[in-house]
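Before we start, here is the structure in question, set down as structure tokens.
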Amino acid sequence: MGLHTYFQSLNDLERIIRCPGKFKFEEHSVSAHSWKVVQYAKTLADIEEQHGVQIDWKKLYEITSSHDYGEIFIGDIKTPVKHFSLELRAMLQQVEEGMVAHFIAEHIPEDLKPIFRRQLREGKDDSVEGRILEVADKLDQVYEAFSELKRGNTEKEFVTMYRQALVKIKQIRLHGVDYFLERILPDLVSEGTQCPIDLRQITDEALAM
Amino acid sequence: MGLHTYFQSLNDLERIIRCPGKFKFEEHSVSAHSWKVVQYAKTLADIEEQHGVQIDWKKLYEITSSHDYGEIFIGDIKTPVKHFSLELRAMLQQVEEGMVAHFIAEHIPEDLKPIFRRQLREGKDDSVEGRILEVADKLDQVYEAFSELKRGNTEKEFVTMYRQALVKIKQIRLHGVDYFLERILPDLVSEGTQCPIDLRQITDEALAM
Amino acid sequence: MGLHTYFQSLNDLERIIRCPGKFKFEEHSVSAHSWKVVQYAKTLADIEEQHGVQIDWKKLYEITSSHDYGEIFIGDIKTPVKHFSLELRAMLQQVEEGMVAHFIAEHIPEDLKPIFRRQLREGKDDSVEGRILEVADKLDQVYEAFSELKRGNTEKEFVTMYRQALVKIKQIRLHGVDYFLERILPDLVSEGTQCPIDLRQITDEALAM
Amino acid sequence: MGLHTYFQSLNDLERIIRCPGKFKFEEHSVSAHSWKVVQYAKTLADIEEQHGVQIDWKKLYEITSSHDYGEIFIGDIKTPVKHFSLELRAMLQQVEEGMVAHFIAEHIPEDLKPIFRRQLREGKDDSVEGRILEVADKLDQVYEAFSELKRGNTEKEFVTMYRQALVKIKQIRLHGVDYFLERILPDLVSEGTQCPIDLRQITDEALAM
Amino acid sequence: MGLHTYFQSLNDLERIIRCPGKFKFEEHSVSAHSWKVVQYAKTLADIEEQHGVQIDWKKLYEITSSHDYGEIFIGDIKTPVKHFSLELRAMLQQVEEGMVAHFIAEHIPEDLKPIFRRQLREGKDDSVEGRILEVADKLDQVYEAFSELKRGNTEKEFVTMYRQALVKIKQIRLHGVDYFLERILPDLVSEGTQCPIDLRQITDEALAM
Amino acid sequence: MGLHTYFQSLNDLERIIRCPGKFKFEEHSVSAHSWKVVQYAKTLADIEEQHGVQIDWKKLYEITSSHDYGEIFIGDIKTPVKHFSLELRAMLQQVEEGMVAHFIAEHIPEDLKPIFRRQLREGKDDSVEGRILEVADKLDQVYEAFSELKRGNTEKEFVTMYRQALVKIKQIRLHGVDYFLERILPDLVSEGTQCPIDLRQITDEALAM
């Protein structure tokens, strides 16, 4: 039908719940996650700018806000599935891209098609904006896992999620990563001392990896 | 750890919601769905027995109750994804089977391993039990879609789900299918006359396919 | 109307919540419970078969899958009510049976009536299948209570539920009970060491009763 | 322990859902229902006073606010169960009263025991306050059912609930009943003209009974 | 339209959630809160009567049951907003009163208007009934906060809510306050010894203020 | 504490529900709404660029993503309250700004303070970015109301919301507004022909105002 179909489709992401199947005290929709990623990315980009790095804000806007739009078509596939084999991962990404391409072909008006194709591309490339998106996405996993752990959730999945997100963040070259490790993470760890699990040790191990 | 891990894992299916992303008045968990499939299958098998067909109740028990257990590992992947290509479908099934096999290898005690391998196999083969499972699974889609449509849900997805489930059921050779088409479906259609959409027409079209 | 009414009624059990009134981190519907009972019973029956006991799988299928169907009519009456007096318990069971009988008389087609009457009978007799159902039903109480306790639920009701289910299980003659006590329960207790309450002590006391 | 146990028990009624099992667009807890009954009763009593009837406000306060407190112990038992036989109904009421009496004996301090025994008695006697409670309780059923019906709920249970509540209200001698029938119900019926079901006809039939 | 509009509006308070924005294990609607305030107030009034204080039960009925009715119009405005400045607080109260007055003018029949104006006035004056309402309202904050804290909620907001409610209660002259401090609070504190936070210390500090 | 407090606070907006008190088939959190506003604004800005208008993407990013951040402090105050008087509206905005300023002063590190002060300012000025935000915010009201109305919600509030959002959008000078009125709204209206209310007439009236 046109943009009406696109605008209306956004609502679907409010009903896709992250980390399906595992017990959690608080559920997060993909749309709420997407908004938080947009917010983290903004502050990460501010920190880069403070260090003299130039940011393409239009690109950052496009890739952060749309980075999980494809989940409308394939859902929040469980992380272990994605990581099962490189081959499957590639194929799933291919399917997602195929379905997005099909949606654009069918529903987006001619004059906006090139714009949507650019916006809905995979954004996690090696540009500074791509790296900011990667860190922002992982940051939300850190906070999602942390919130569960500090309330006493005993699912191992959240320890794994917390650890792996930290390991990934640490590997990315960004002033915002240094800032996070030095000035944000210590506050988080110190707030987590009430956790039944030993958050400090898990954090130290992840950072030592 | 052993059967404790297996028993506890069953709880995960209560938190995997069918048909994620689409608006619905009522959500169904995979475990509730599984129970209903067990119930439909029982009655379908009763009908076969009435016609002199012999039922392997042990097999039927195993394949109906466990038919969606693999979703613990891969989640409720959206139907359009599964149908994107035969290649992807095959690969996803391979992943699911791989993860189930891995779970059995790691968690199920030696003496029970062969039993679990048999139980958690794909059950929809061409045996009478396999066909009963196929029909029971589709029957639940009919009822899920019908319940939404009669309450005024306007998502096209549920019209599609209803139609495709009917088309599939119709193709399966089973006395229970005849029974359903002649003595159950008419009641359902007549109850659906209040629907905003024309359920009778959709039904007639599906059956004429 | 016929089987349509019956099939549609199954959905009601998705909306009856177990243990109403008490605070819980996670709610369980009667249909999700029923599915888990079916699953536990299958493994318990497998264990009996390994010990050479013969299982009537058709009977087991019927009594496990339908064991709480009657709650569609009377709801999940609080356990203390059921246990108030033998007289009341008998009367409630009589009401439930009366309502089931009335439902069959009104809605089930003539030729299926005898089958439904057999299936919807009380299944917890002294046969091996009846004992498996009894244990499977209690096993789910063990897991329901355990999940709450390990997450920090402080309602005494769940301690009571856990203890009484264990006491009941222990009294039933079944190879699966030995298996549970020796090879499953220890894993569960050891996972529960993080509980604010002393699960090991409660377990030991229950088993010593 | 004393009043602490009593005060804390009130929270349980927030988790007991009325009309369990049936599909509804909106759930109502027993505590929310109780508050609305208190409010309706206040206005009904105001109307009586306007006609010169004397109201015992203390009694009205006690019986309206506590009229469903006993459900903490027995839950919201399904209406058809209550109506199954006079014998069962009497026995269930006896159980509820027994459990309330037991709670008072165990938890309420000596000096407050007589007060609690009076407050938690059955309030629907033939006094003006008892009749106001009866009408207020039924009024909430009218509104609960009406809200579902006007949103397109097709469960017959709500038609029955609406009709039976009207029939009961009509039989009670109270100026507030005349007021309701003449000056409130017509507005409700006229708002309900959009319902898929014919609310006016059901209303007329109920009033003609 | 008349009383129909008023009766129907009561339902809105079931959908206004107290303490919006903060994580909580259990949500409370304004209507459930209102019912609990009615219950606490009844017992507080009973205690006053035992000490020979005369209670105007009609007034108490009116002010407790309706004390949050105005939130239908303005919602549950966050406490920090209300406390931002005396000027804002006065203005918000003015708005609430204005909207209530407007509602009465528009929807309540002439003959009931004076009654509704009296009932929906601010009830927390210095009369014994006004003081009972104030204590009952704070008591529910004590229980709301306590329930979260004992389940491991780490939001500071609930510590603050608990402390401030206690401080306020302590300042009000009422036999029921003495009763609460001497015979109810100790039970609550002793039940709270499992809390991760030190409830006894917070309680002692609040009472020493 | 620093950015940790800020990052963690974002989660609060997932628990603030828009349009509190009114019945709705689907709830929307402020964070989900915020994400959709970001998405609409992106497309609106794309349309401006196609017409040669220059967009400050950094500014647009900042004002759209943060436009409701202040609701963390004051909640989603009901629209009628905001519109009660210009004086109150000004004062509420003053409170919100005061609380945001206080939060920045207390929690944001020195070097980021100026950036946060700029980002969290009111963004709906007369610049093209400000106008895009205004339209995007109203667009979400259009879609929120439309989704309820097409599913049969009969609350007048949603008719009002739909109409007022359209009236407001129409008044704003933007190529995206023309695009919406000519190429999006007709699709929406034509999809809404199944509504019980006459959406076309309401739309025509709103546009003729």
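Which chain is which? They are A, B, C, D, E and F, in the order written, and residues in each are numbered from 1.
Methods note: a contact is a pair of C-beta atoms (placed from the backbone, for glycine too) under 8 Å apart; a residue touches a chain by one contact, two chains touch by 3 or more.
Quick caveat, the model's predicted, so the values are computed rather than measured.
Colleague: Based on which chains touch which, give the shortest step count from chain A to chain F.
Modeller: 1
Colleague: By that same contact rule, can you tell me which chains touch chain B and chain F alike?
Modeller: Joint contacts, listed by label: A, D.
Colleague: Hopping along touching chains only, can you work out the least number of steps from chain C to chain F?
Modeller: Minimal hop count between chain C and chain F: 2.
Colleague: Could you work out which chain's C-alpha centre is the most distant one from the centre of chain C?
Modeller: F
Colleague: Give the chain pair, either B-C or E-F, that is connected by more C-beta contacts.
Modeller: Of E-F and B-C, more C-beta pairs in contact link B-C.
Colleague: Return the chain whose centre of C-alpha atoms lies at maximal distance from the corresponding centre of chain B.
Modeller: The chain farthest from chain B, judged by C-alpha centres, is E.
Colleague: List the centre-to-centre spacing of chain A and chain C in whole Å, with centres computed as mean CA coordinates.
Modeller: Chain A and chain C have C-alpha centres separated by 41 Å.
Colleague: Between chain D and chain E, what is the gap in Å from one C-alpha centre to the other?
Modeller: 24
Colleague: Report, in whole Å, the distance between the mean C-alpha point of chain C and the mean C-alpha point of chain D.
Modeller: A distance of 32 Å separates the two centres.
Colleague: Can you list every residue of chain F that touches 2 or more other chains, as numbers and ranges?
Modeller: 11, 13, 23, 25-26, 147, 152, in rising order.
Colleague: So what shape is it, when you link every pair of chains that touch: line, ring, star, complete or other?
Modeller: Chain contacts: none of line, ring, star or complete; other.
Colleague: Write out all the pairs of touching chains, ordered by chain label.
Modeller: The set of touching chain pairs is A-B, A-C, A-E, A-F, B-C, B-D, B-F, C-D, C-E, D-E, D-F, E-F.
Colleague: What residues of chain D sit close enough to touch chain F in their complex?
Modeller: These residues of chain D touch chain F: 25-26, 147, 150-152, 194.
Colleague: Quick check on the complex: what are the chain D residues that touch chain E?
Modeller: Per the stated touch rule, the residues are 1-8, 10-11, 13-14, 26, 28-29, 31-32, 34-36, 38-40, 42-43, 46-47, 50, 55, 57-58, 60-62, 65-66, 109, 111-112, 115, 119, 139, 143, 147, 179, 183-184, 187-188, 191.
Colleague: Residue numbers of chain A touching chain B in their complex, please.
Modeller: 11-13, 15-17, 20-23, 72-78, 80-81, 84-85, 87-88, 91-92, 95, 98-99
Colleague: Mind pulling up the chain B residues that touch chain F in the complex?
Modeller: Of all residues in chain B, those touching chain F are 23, 25, 152-154, 196.
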